[in-house]
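Below you will find the structure I want to go over with you.
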Amino acid sequence: DGGDGGDTDAKSDTSPASSAVEVCPDGTLTMGVEPYEDPAKLIPAYQALVDGLGKELGCTIELEVSDTYVAEILAMQNGELDLGQFGPLGFVFANQQAGATALAAFADETGEAASYTGGIWVPKDSAIKTIEDLAGHTLALSESGSTSGDAVPRKALIDAGIDKDVDAQYAGGHTEALQALVNGQVDAAEINSQTLASAIAEGAFDESQFVQVWKSDPILNDPITAGPNMTPEVAAKVQEALLALPSDTVAEIGGYLDFTPPADGAMVKVSNDDYQPLFDLADTLGLTTDDL
Amino acid sequence: MTLAPLREPSTPERRTAPRRVSQRTLAIGGTVAAGLLAVHWYAWTQTEFSLTALAEGWQGIWHFLFGRDQTYPNGHHVTTEGAFPIDTSWGETIRPGIGYCLLTVCIGLMGTTLSIPASLVFAVLGSRTTNRFPPLFWLARAVMSVLRAVPETVYALMFIAAVGFGAFPGVIALAIHNVAVMGKLWSEAMDEADQGPVEALRSAGASSYQTAVHAVLPTVMPSLLGLLLYRFDTNVRSSVILGTVGAGGIGFYIKQSVSGFRFDTMMTYVCQVVVLVILIDLLSVWLRKRLALT
Amino acid sequence: MTLAPLREPSTPERRTAPRRVSQRTLAIGGTVAAGLLAVHWYAWTQTEFSLTALAEGWQGIWHFLFGRDQTYPNGHHVTTEGAFPIDTSWGETIRPGIGYCLLTVCIGLMGTTLSIPASLVFAVLGSRTTNRFPPLFWLARAVMSVLRAVPETVYALMFIAAVGFGAFPGVIALAIHNVAVMGKLWSEAMDEADQGPVEALRSAGASSYQTAVHAVLPTVMPSLLGLLLYRFDTNVRSSVILGTVGAGGIGFYIKQSVSGFRFDTMMTYVCQVVVLVILIDLLSVWLRKRLALT
Amino acid sequence: MPRLTTSARQLDTIDRGAPMLQIDGLTKRYGATSVLDGFAMSVAAGEVVSLLGANGSGKSTSLRCVVGLSRPDGGTITVDGVPAVDGRPIPDVAMVFQRIHLVPRRSVIDNVCAGALGRLDLARSWSTLGFPAELREEAMACLHRVGLADRATEKAGRLSGGQQQRVAVARALCQRAKVLLADEPVSALDPAAAEQVMRLLRSLADEDGIAVAAVLHQPDLARRHSDRMIGLMHGRSAFDLPAGAVDDATIEALYRPDAEAER
Amino acid sequence: MPRLTTSARQLDTIDRGAPMLQIDGLTKRYGATSVLDGFAMSVAAGEVVSLLGANGSGKSTSLRCVVGLSRPDGGTITVDGVPAVDGRPIPDVAMVFQRIHLVPRRSVIDNVCAGALGRLDLARSWSTLGFPAELREEAMACLHRVGLADRATEKAGRLSGGQQQRVAVARALCQRAKVLLADEPVSALDPAAAEQVMRLLRSLADEDGIAVAAVLHQPDLARRHSDRMIGLMHGRSAFDLPAGAVDDATIEALYRPDAEAER
């Protein structure tokens, strides 16, 4: 696995006309987006991104929104999508099932690719103090196929050797898992850092009443990928353009997404290899088709 | 000025009446009832039915709907917002919501309209009144069962693979599913049609097609129309689900407000769907009234 | 031995017939048709309807169904399995699938049965045949519209907040939703009932309740039963959706196989649902046949 | 066809002065066509009145107005001195319908019992199982009177046309009303059954003092079994005479003009 | 009631020897009760045969067997020399139903046109719009014959009972069949209309050579308008005589035993 999208020099000066490679022969590209969080913010943010990117590339880029990576990957397989943004685990499938290549991801202030963490929370006065204590208790996960709501915590249970002893239940989503904990329906629930932030912001979660008993390694945020019909040369052009997004576009996106971008650009270059931990994770959980 | 009737109403003539329920009916009824009871008892245990849980947990519903304002034992005070009062911000929620509703209606409308011809064919083939040829009858019903059993989301995935996403694959998914469901409902409505005119035309040498068009359809037209509007209503609501596989429409935004913990916004969208459904229902009532004879 | 009729069949008596369609009908029909066309044209553009896209992309459906073995321009070689051939591993898929189906049926059954009494009440109140008091009629229809408009998943969310996960909140969510839908369908079936017996009893001084029980219900019983079984079938398939919010049942596993790109396993589960739906349909056909008079 | 002599009428034993049903100035239009236009009639207790008229002359419409199934455009209807409220059924009036209107899936006896619903409370009418035994016995007696007691447990839809019509008469009997309106109660009956049902109506008037109004298409039958005959034409009564005073010419005139108008 | 003289019969101008409809040994049981038990009858071209019998004696059942709506348990039915195939309708046989069976939501003329469906191909019957103009004119002629041409565009369900019955007769006429079965075609008609319809049936036989079998409950009418009368009793024909040869005693006997059995 692993494409070769990460080889291009991001610093080279670009302008649409100087390119020998035709990025969009018929004038348009399509990009799929899976808004893992709030569409009211994400859709305008990605709209700003594709507008800026389109200007860079001299193409019109159409944004297509779905909330399951499966639909996105199927469309990409059939050449209906040229570009796609995926959640971390979704990208693993996108790479394996549709040959998607990671190009770039949003960066935080430090200039590193932004990441988030999965976590398991219990009520403050719970007897559960560590992940091992979860044995014999109920745990709310979000839905199957979710990175932080399913794969990562399940891997943690396997690593702790208690995956058979925990009564894990799928709640249907991050929100539902958190609600179940707040309503006392379960002993513990997965809550990732993004969900936590919006829940606190909306007043749906009182941090002081709960404690986090486990926290995952940082999970790289969703990458923007090139579809399989894009030759490496074209993909390199797109990657260049992404990294060279003008600062006003970046500021606009940052405004929507509540992050402070680094001074020199919104995005950093990522490659498939940066997501290796997630490929391993998928292998361990038997989620990948290679494994079947 | 009233004139009392000569007969005493309290002492009318009497004759022995037959048994209310025959022994045989009693036996069959008892067996069926026992069977149904057993099945339901099994289902009850399997679904962990527990009314006490509901009685104890009703505050959960309350908190979900109206928010929580609670002081915990440790003195901490928590307030969360519930679904009510709904989000009334015009520019951010209500106005875009109307746009989403419109797209949702468009999807539902196309999905319903496109399925009418095929539904009609399947309905006519799948009704005993209009199709007297058992193999074709069973084939039609089997095809409808198969088409119906496949979840709409699976159809949506299939067509997304073909045409990318957007409302279009959602429409096709809806239309195919709807052929099966509406075909079944329509065929059963035709089964219930008054058989008199059907027999009259059949005895006059009319073919199955002619009987269907000239006796069955005019008789059941209000039923068919009612069911069509019911399916339109359902399809509009289904595009709420299809929204989550990229078909757009308000369902997507309902789901996303849930993920964003904005239950008040969710409830605003739900209310808009309520208004939509009520409007469709009014249309249905009005149309059915107009179509009814006398 | 035939005797030719004296009359020449080719030259029967004739009289001027009235216009086929009156000017007024033509005008109304034209307006309605134009309106419908405009609405559909708008919906067509809004849903980006494109048959060419479908014609060009059909391989996507093929690959989804039968797998793909393709080298892409970026050098990536992709082999995927399609939905067919289905996953036939007995211990891992088929046997557990049967269990999931059983739970699914249990959820659908409880959801349907629990909603019968309330559905009946709403149906009687929401039909013009049985309820002649307009305020109550409109109230019943409004309540049903509201209950119907709220997506099942929102109900599930509410009841999960109350009683935790599992099949139970799914059952309650289904039951509430079903009251609204079945109430509506039943009330419209009652509207279509032969008005003769209804008028006969009403003129004999029977109350609305008595008319409902002694004239309307026996007349429409096969319709009601058919719709009940249709809703049972739908509810079984709905628990496919509810399955994804922790209610269990086969829907959850269908969704899980989809997110794991194991379409062959998905198709196995779908086939099991197909069998289930066909069985319910057979039951429906058989029961309705038994209930029909003559 | 042999003429069966009517049983001796006990006219003088009942006070027949008070009109039990009184219709005045009844008007009914469907769109532009006026069906009833000032129709008036009255039926006294213990009297059998037959209503004659060409097809489409408005006989059924007038009866439907009395039981509140059609809304008259004008006129008054009084039953036992009480004015009828627009669109409200009157339990004191029983009707046998031209189109019969039984519940085909119910048994014959249950159909007959349904006639009594107006006087049953909820506890005794929540379902057919609630019908008291007395009612069922009374219903059996009504079926006896129309000669169908042996078919009591059969589904009504299974009976022949004439049998169903007799069940409809039995249902009306079971209502114990003071006024009985019968819309062509013998149209599907064989001559013997028709005689029997007409004698039954006669005896209801004679013995029970019920006011009977019957729509009939057979003037002979009307003449033999009714006290008074009313001819309905052009939306109003063309004649209203004692049965004996109606001659063939009157009858012929009643049916002729309409037949001509329809040509 | 005045007796209208039947129009002169042109009996001798038509060869009436060949039976157009021939029923032999017809048997039909519903569960344990036997309704028809070896019933036989025949109707020649140009002949009017009336079928009499008590309510529930099986008259409707026998006609329904002929048109393939009831499946006989035994016996043969031959129409114009061709044996009827079990359960297959015969376009050569038209039937007027006792329960009328119009499509209430369709206009009167469309209901009449529907009688011709058996001879229309798909292009001319895919909808009412496909009906050729000739057919509509023929339907109008049929409506004229029953005196309802002025109601052609009205919805059938809006007509009075007797008017609907005449539309049903017109529909059967429009079928242009060689055999016309009429199940109580005049039960809801006023005397003038009944005479008119009976004369119409007579003229169909006389002028068009159609074989007409009519179920009638009025022996007088039967005697005046039919060539032959058949009495149905106990599942078989009790008598089968020229109309002139049927005396009152025969008729009385036909209705008496059943009336007694039902008591």
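Going by the order they are written in, the chains are A, B, C, D and E; count residues from 1 in each one.
Quick note on the criterion: contacts are C-beta pairs under 8 Å (C-beta built on N, C-alpha and C of every residue); 3 or more make two chains touch, one makes a residue touch a chain.
Computed from a predicted model, the values in this text were never measured in an experiment.
Chemist: Would you pick out the chains that touch chain B and also touch chain E?
Modeler: Touching chain B as well as chain E, we find C, D.
Chemist: Which pairing of chains accounts for the highest number of C-beta contacts?
Modeler: Max contact pairs: B-C.
Chemist: Whole-Å distance, chain B centre to chain D centre, using C-alpha means?
Modeler: 44
Chemist: Just how far, in Å, is the C-alpha centre of chain C from the one of chain A?
Modeler: From the centre of chain A to the centre of chain C is 37 Å.
Chemist: Averaged over CA atoms, how far is the centre of chain B from the centre of chain C? Could you give it in whole Å?
Modeler: Comparing mean C-alpha positions, chain C is 5 Å from chain B.
Chemist: When you check chain B against every other chain, which residues touch at least two of them?
Modeler: Counting only residues that touch two or more other chains, chain B contributes 57, 60, 63-64, 157, 160-164, 166, 255, 258, 294.
Chemist: Could you pull out the residues of chain A that touch at least 2 other chains?
Modeler: In chain A, 68, 70, 74-75, 77-78, 80, 173, 176, 179, 183, 185 touch at least two other chains.
Chemist: Counting only residues that touch at least two other chains, what does the list for chain E look like?
Modeler: Within chain E, residues 99, 128, 158 contact more than one other chain.
Chemist: When you check every pair of chains, which ones turn out to touch?
Modeler: A-B, A-C, B-C, B-D, B-E, C-D, C-E, D-E
Chemist: Using the touch rule from the top, collect the residues of chain B that touch chain D in their complex.
Modeler: The contact residues of chain B facing chain D are 1-7, 9, 12-18, 20, 22.
Chemist: Spell out the residues on chain D that touch chain B in their complex, using ranges where they run on.
Modeler: For this pair, the touching residues of chain D are 14-15, 18, 20, 45-46, 80-81, 109, 128-129, 133-134, 136-141, 143-145, 149, 152-153, 176, 178, 207-210.
Chemist: Chain D touches which residues of chain C in the complex?
Modeler: Those in contact with chain D are residues 196-197, 199-207, 209-210, 213-215, 218-219, 221, 293-294.
Chemist: Which residues of chain B touch chain A once you look at their complex with the stated criterion?
Modeler: 57, 60, 63-64, 72, 74, 76, 78-81, 92, 156-157, 160-166, 244-246, 248, 252-253, 255-256, 258-262
Chemist: Where on chain D is chain E touching in the complex?
Modeler: So the residues of chain D touching chain E come out as 1-2, 30, 52-56, 60, 98-99, 147-148, 150, 158-163, 166, 184, 187-194, 196, 217-220, 248, 251-252, 255-256, 258-259, 262-263.
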